[in-house]
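In the two complexes below, subunit A is the common chain; its partner is subunit B in one and subunit C in the other.
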Partner chain A sequence: MTAAGSSYRRAVGSQARVVALAGAVLLVVGSVLPWARFSGFPGKMTLAGPGGARIGPLLLALVAALLLRQVPGSARAVRAASTFAFLITGLTVFFIGYSGGGADYVNAGAWVALAGALVYLLGGLGLDPSRPASSPPRSLPDAPWALPAEWLLTAGSTAVALYVFVHGLGIQSANVGRPNDVVIRGAISINALTNDGEFLAFLLLLIGLALVATRLGLLADLSAITKKHPTVFLAAGMIAATAFPFTQNGNGYALRIAASIGVFAAAAVGLNIVVGLAGLLDLGYIAFFGVGAYVAALVSGSVTSTIHTHIPFVFVIFLGAAVAGLFGILLGAPTLRLRGDYLAIVTLGFGEIFRITANNLDGNSGPSLTNGPNGVSNIPDLTIGSFSFGDNHHFLGVDLPFQANYYWLEIVVLVVVMTAFLRLSESRIGRAWVAIREDELAAAATGINTTRLKLLAFALGATLAGAAGTVDAHVVKVATPDSFTFLESALLLAAVILGGMGTVPGALVGATILYLIPEKLRFLQDLRLLVFGVVLVLIMRFRPEGLIPSSRRKREFHDDSGGADALSMPPGHGEHMA
Partner chain B sequence: MQTFLQQLVNGVVLGATYGLVALGYTMVYGIVQLINFAHGEIYMLGGFGALFTYTVLLPGGTPVVLALVLMLLGGMVVSITAALLMERFAYRPLRGAPRLAPLITALGVSIFLQELVRNFYPAKSPRPFPQLVDPSHQFSLGASVEISAPRLLTVVVAVIGMVALSTFVRRSRTGRAMQATAQDPDTARLMGIDTDRIIVTAFVLGAALAAVSGLASGLQFGTVDPRMGFLTGVKAFTAAVLGGIGNISGAVLGGFTLGIVEVMATQYAPDPFSGGAWKDAWAFVVLILVLVFRPSGLLGERVAARA
Partner chain C sequence: MSVLEATSVTKRFGGLTAVKDVSLVVNEGEVVGLIGPNGAGKTTFFNCLTGMETPTAGSVLYKGSQLPGRPDLITKAGVARTFQNIRLFNNMTALENVMVGRHTRTKAGVLAAVGRGPRYHREERESEEKARELLTFVGLGRVGDELAKSLPYGDQRRLEIARALATEPGLLLLDEPTAGMNPNETAAARDLVRAVQGKGIAVVLIEHDMRFVFGLCDRVAVLVQGEKLLEGSPAEVQSDERVIAAYLGKPTEDTAGES
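This part shows the complex of A and B:
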């Protein structure tokens, strides 16, 4: 890449493989020896054998074995592995030293591992970084066991996803900091950073392994296989999602987070219809969600509601969806003939109007409806028929706190929203939306009623958000204007974009990441929005198609031939392209 | 009647702030068709730059006029630097990318700048701003309508800025190059205009005017707040659209119109919906109504469908 890099590679030359392998062996040895001399550090770091943050360097060191057999992409994969192995080792050694109170507390194993990681990195950087010629995804050999094996792989991938989620969620913030806290620039304290050290190492491991798998083409192969068996994939995914509460052994907090991720993801998938499929930038989406939440809160029978009625939830979910959809039509009908960026501002304006209105309908500065900033609180637990969502259960020897009920409800909502998305995106309507997104003039010229279809997308998105909102009101038990700010809309949008516009897994992954990371990385605290802003800019710069792009979108952003001229046009003129 | 006139004056003062910021939106939009969402933060940075100049750089006892000039310069330096950096590192790499991409980048830049100031500018929020121009000094405009010194200053400075910009764009060589680029970037490039430089110029001019507005509102309200850019930014964009986006006189007209409408709605709206609590809601209602009934704005021409 750079001149320094290539001259370094020339200097190391053919020795790079040997150096990297030697470093990897040293790292493997180091990572099974004890790293810490005091017991406070999480993850059994004082014992021999793998454990805690040491798993990361161990796994990434094993990737070096690829160098023994030249597979396409192996050099780049090992480069990535060595980089992340060094990062994890370095950070963890630093954290041990910091929380122990000096280098004396770092055990010999850590030094061996650190030396190994450094050698591994030096070797890895000497490897040839050039990208191998891209090849179509490989498939399993044509044998009788191929089909079951493919099923197994498909189901296995969802199981791995569940495991990763459960493990990541289960990593607690340790309490190993020193009393005298060193603060970096007033915002992050090293102490807080150290306490999140194990999660940070886990996160780096995930990124490293994902990079290795991508560079070996394994991810592409896997997604090709899962695409062949969508039914198996969906069923396995459903089972994994349903099984989640059984892994938590009565931990209500984790289930509560998972339920919130579910709400967030459902809203993100709904927004994905509007933004990802139809290409309408909606910056006030959370307002529709809020409409649903307020409807549900007001008719929930809560004592703080100004309307003292109670409507069964089965009807409320439709009522909330309908009211939100009505708002969507009212707002969309006059404004949808505007060009895209005007629509963005109109929706932003609507979001603000909603928040201000909810804040003011308190009987003082407006009619009494929403209790103003206090919101509607004490929303009672849901009951459907004779089943109360507030009850704890005990099933198959596992404690299932009441949060599990809400979690499953979320899963049902999420599945409904996902199904709507998937069925629509493959339908005539969905294809028309994509056509409008790509080029509205051309779409209109082929006989698509663009205004009506855009309105449909907008209203449908609003409806789904309203439905998700009614559930959310019962999960968080309160509806306040502060929960429905512009920032929430921006976060939802970011989830869609981060994951990949126009795909369901993208929205799910994006929502999970955006919800979980601030929840787990407490050291970010005040800085999380700052980091979020930077991440948004960087994604648009380097991976505008998101983490899990739809294949069409990926081509759009990265193809060097054919469609590329639409992108290299000067600003404002790309739209004229035929 | 007297209340009406007084509110009219208040509306003009408010509109001056919006107009100054709206100019930045309209220039950038006219040339690159980008809603620079982060422009509101540039305005906020102008206020903070001026505050920083006063509290940190200026020695105590600097004459008021000199202090004001230096604060304005300080604010402009900060605003322009930020605008240059965001143009270079956030927007330029995305030139020609699909339309949503730069808008989302703008959102990211906006959040980033806001949080940067909130987290790293010392002292608590909102930050007190020196009252260099005595707000209790009232000028009488006849018929017991009054305007305080800092508000009068705001209007005067805004008008000077607007006239200067309009002269620059119409008379100078660079200004005419800007017009040409806005009309047709391809042809402008063929005529030997360095369009990259023109885009940068638009960002710089917009940032300078936003800094003026930032300083003026600091003097008026006696505080600056990292969050002040968002709402003013959105409203200034409303003003730009109201006037006809891409049109420089339109932005000024739109700013004053929006300021007056907002103040009047707060005063005269039907009962439960009047008063300060509903002020911002009215601004957005105006935005939606304008876009519905006259999307090309007051002075804008009907733009051919660019979808």
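This part shows the complex of A and C:
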């Protein structure tokens, strides 16, 4: 905490609660009044209008009610709520004024809300920011209804996750999802701005609510409950994932995005074995993914393939995985003697070699295999048996475009990869990997063949990436060298680290965020990557262990008792060690 | 029969000879002490025995056969060790640390781990049972689920011993097992080494606490500047003038308070 912050808190003193409550009341009043004076915003931005932008400040203002009853962590929760309420309100007012053409278009309600949000923020910042003593997760009282209630909470959490995902995906960026709007209205469409503003507001609301829940300890309680019922959690998660296409009402674009997220997540889980468990920094991971994609593309029966064969996909997925795994062994065998940074450099080089080679195997500068920069395109739709993945379906009164078929295929692949990861991480092999990550020398002295196990992790990660790659080739229908750049490797790595190293939910959340946010920020055009980078820096600053860390890593970063061994180290330990 | 037979082990780092022509025989069930001033080459000698360093010359036989050149194979053959500056897997629980020690005595591979057949479950259950037994054996039965790094210093040393024992060694090398311990912990460590000896495991230990060494060891070897100065019973070593001059100091000084 900065000195300025603490002197501000001293100045505001005990008035902070009153100020925050007053601001919150004003914000509530403002948020039920109309915000816009023109009809460009659906319903003039009354409460009936876009969700995140209006409901957000209202919900976050209601959090201030916590101040009336002192719950542990409530002050910090209100601080977070007031900050995000102000951000959302300010952003929305800016978007209304900007797309309307001036401040005149902003209605009185918005000004009341903005003033309220500012007062709320000033009050919130005056609250005591100290972290309450950590307590074990609370559980439901011991009653006959506790078990069904816990099941309901567990299943409900996956339903909420599905709803959030569906809603976030549903707020479409006009540049992508509604090409007609862009064509008709010209370069800047009002809809584009309202939609993008709405998505940002929704995102901020999500972060704000997550912070409030974390600071009140609700998330810890919930995760303790879901851990008690893993089967219910898994079943509910599977149902939610399977049900997703039914929520989209025939929207093929959304399903394609979801399928791509799934492929990305499967690759991230595979990379998590290499980085999260075995602790090997692999910066060229996308190359193995690319190997799988090219294998699938070449034997798909595409007319642009240089190998005019067609192998059924059931075999191709194993073939792609095996070839990628072979490359993993070829690369890993000589390089895994290297440690840390050196390995990172070699894998970085391999990633580039793969891309450049694929670029040059066009028959001119090298043997004809990959069609060079054009890649292998027009990959035909998958068929497994007599079932064609290119067919649309109509089921239970819902249109299921052909993308749904690919989505479900990818869910199956993802489940297989996740199962492999979870089972491995809790096994003799997984323990050996973690041991190597923790202390390679001690691991060797404990009887672990470190070279072999590192190679195993590396090859297994490559194999899973290859399998994911074969699916990806059929989802995007083309395999080009440009899809496998260093940026993609970096994004996968970022997904693993951001989500939380060594956990499956972490990799899933990380992959979803990293895929969705650049997709949704397209309206920022060139600024997109800048904003993206800022987001990554902020997450790493405030949550270095990742969004959903393993309990292990959480303690690694937030363990206050970690100094015990350092203090009791005896003097005179300078003797040489290997 | 001798458990360990190291003959003329020499280790040179460039111009420096850290270990010079050291021979040591350890018989079954023996506890042998290795003492000497800092920098005498004791740890380097241990490293040569466990494959962390390759000896420049000399041979090491374990139960009559040549030891392989890699740390993991040596551990598999039956020589386990602990480290002077504790090297636990800090972010694993105490139980997991010991279960890692079971690695060489178990077989489950990737397919077994993913497939999880009955044999996998049996092996995993046995590993956990053995690990819990060992934790109880070293007196850490209650802290199995704590992270290794959050254990007190003395417990970390015990945990390292439990992890080494999990590899089912015939010879255990302890590098300063009582460093940094208070008198109570040192007494407990002595009892633990005796208990290990009672399991039929031979022990070689490097130690600076002379009361500990002379009270526990069957034989003591003295290393000075990389060379073995003397080997004999605790009484012989304690009374040897060269040892007193090189290491123990004049009798008027406090000989037991070294650290």
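Heads up, the rule we're going with is that the second predicted complex is superposed on the first by the 515 of 578 C-alpha atoms of A that agree within 3 Å, B and C clash if a C-alpha of one lies under 4 Å from a C-alpha of the other, contacts with A are read in each partner's own complex, and residues count from 1 in each chain.
Rule of thumb we're sticking to: contacts are C-beta pairs under 8 Å (C-beta built on N, C-alpha and C of every residue); 3 or more make two chains touch, one makes a residue touch a chain.
As the structure is a prediction and not an experimental result, all values here were calculated from the model.
By the touch criterion defined above, A:439 reaches both subunit B and subunit C. By the touch criterion defined above, A:349 lies against subunit B but remains apart from subunit C after alignment on the C-alpha atoms of chain A. Of the two partner chains, neither subunit B nor subunit C is touched by A:221.
By the touch criterion defined above, A:447 lies against subunit C but remains apart from subunit B after alignment on the C-alpha atoms of chain A. Of the two partners subunit B and subunit C, it is B that touches the larger number of subunit A residues. In the superposition on chain A, A:381 contacts neither subunit B nor subunit C. Applying the stated contact rule after C-alpha superposition, one finds that A:460 touches subunit C and leaves subunit B untouched.
Applying the stated contact rule after C-alpha superposition, one finds that A:424 touches subunit C and leaves subunit B untouched. On subunit A, the patch touched by subunit B and the patch touched by subunit C overlap at residues 439, 441, 556, 568-576.
The touching residues of subunit C, counted against subunit A in their complex, run 18, 38-39, 43-44, 47, 50, 52-53, 70-73, 75-76, 80-81, 83-92, 96, 99-104, 106, 108-110, 112-114, 116, 120, 123-124, 127, 147, 149-153, 156, 163-164, 167, 179-180, 259. Interface of subunit B with subunit A (complex): residues 32-35, 90, 93-105, 107-116, 118-120, 185-186, 189, 195, 230, 234, 237-238, 241, 272-273, 275, 277-278, 280-281, 284-285, 287-288, 291-292, 295, 305-307.
Considering their complex, residues 419-420, 423-424, 427-432, 434-435, 438-439, 441-450, 456, 460, 552-553, 555-556, 559, 561-562, 564-565, 568-578 of subunit A touch subunit C. In the complex of the two chains, the subunit A residues touching subunit B come out as 185-187, 275, 279, 281, 331, 334-335, 338-342, 344-346, 348-350, 352-353, 356-357, 359-360, 365-367, 439-441, 486-487, 490, 493-494, 497, 526-527, 529-530, 532-537, 540-541, 544, 556-557, 567-576.
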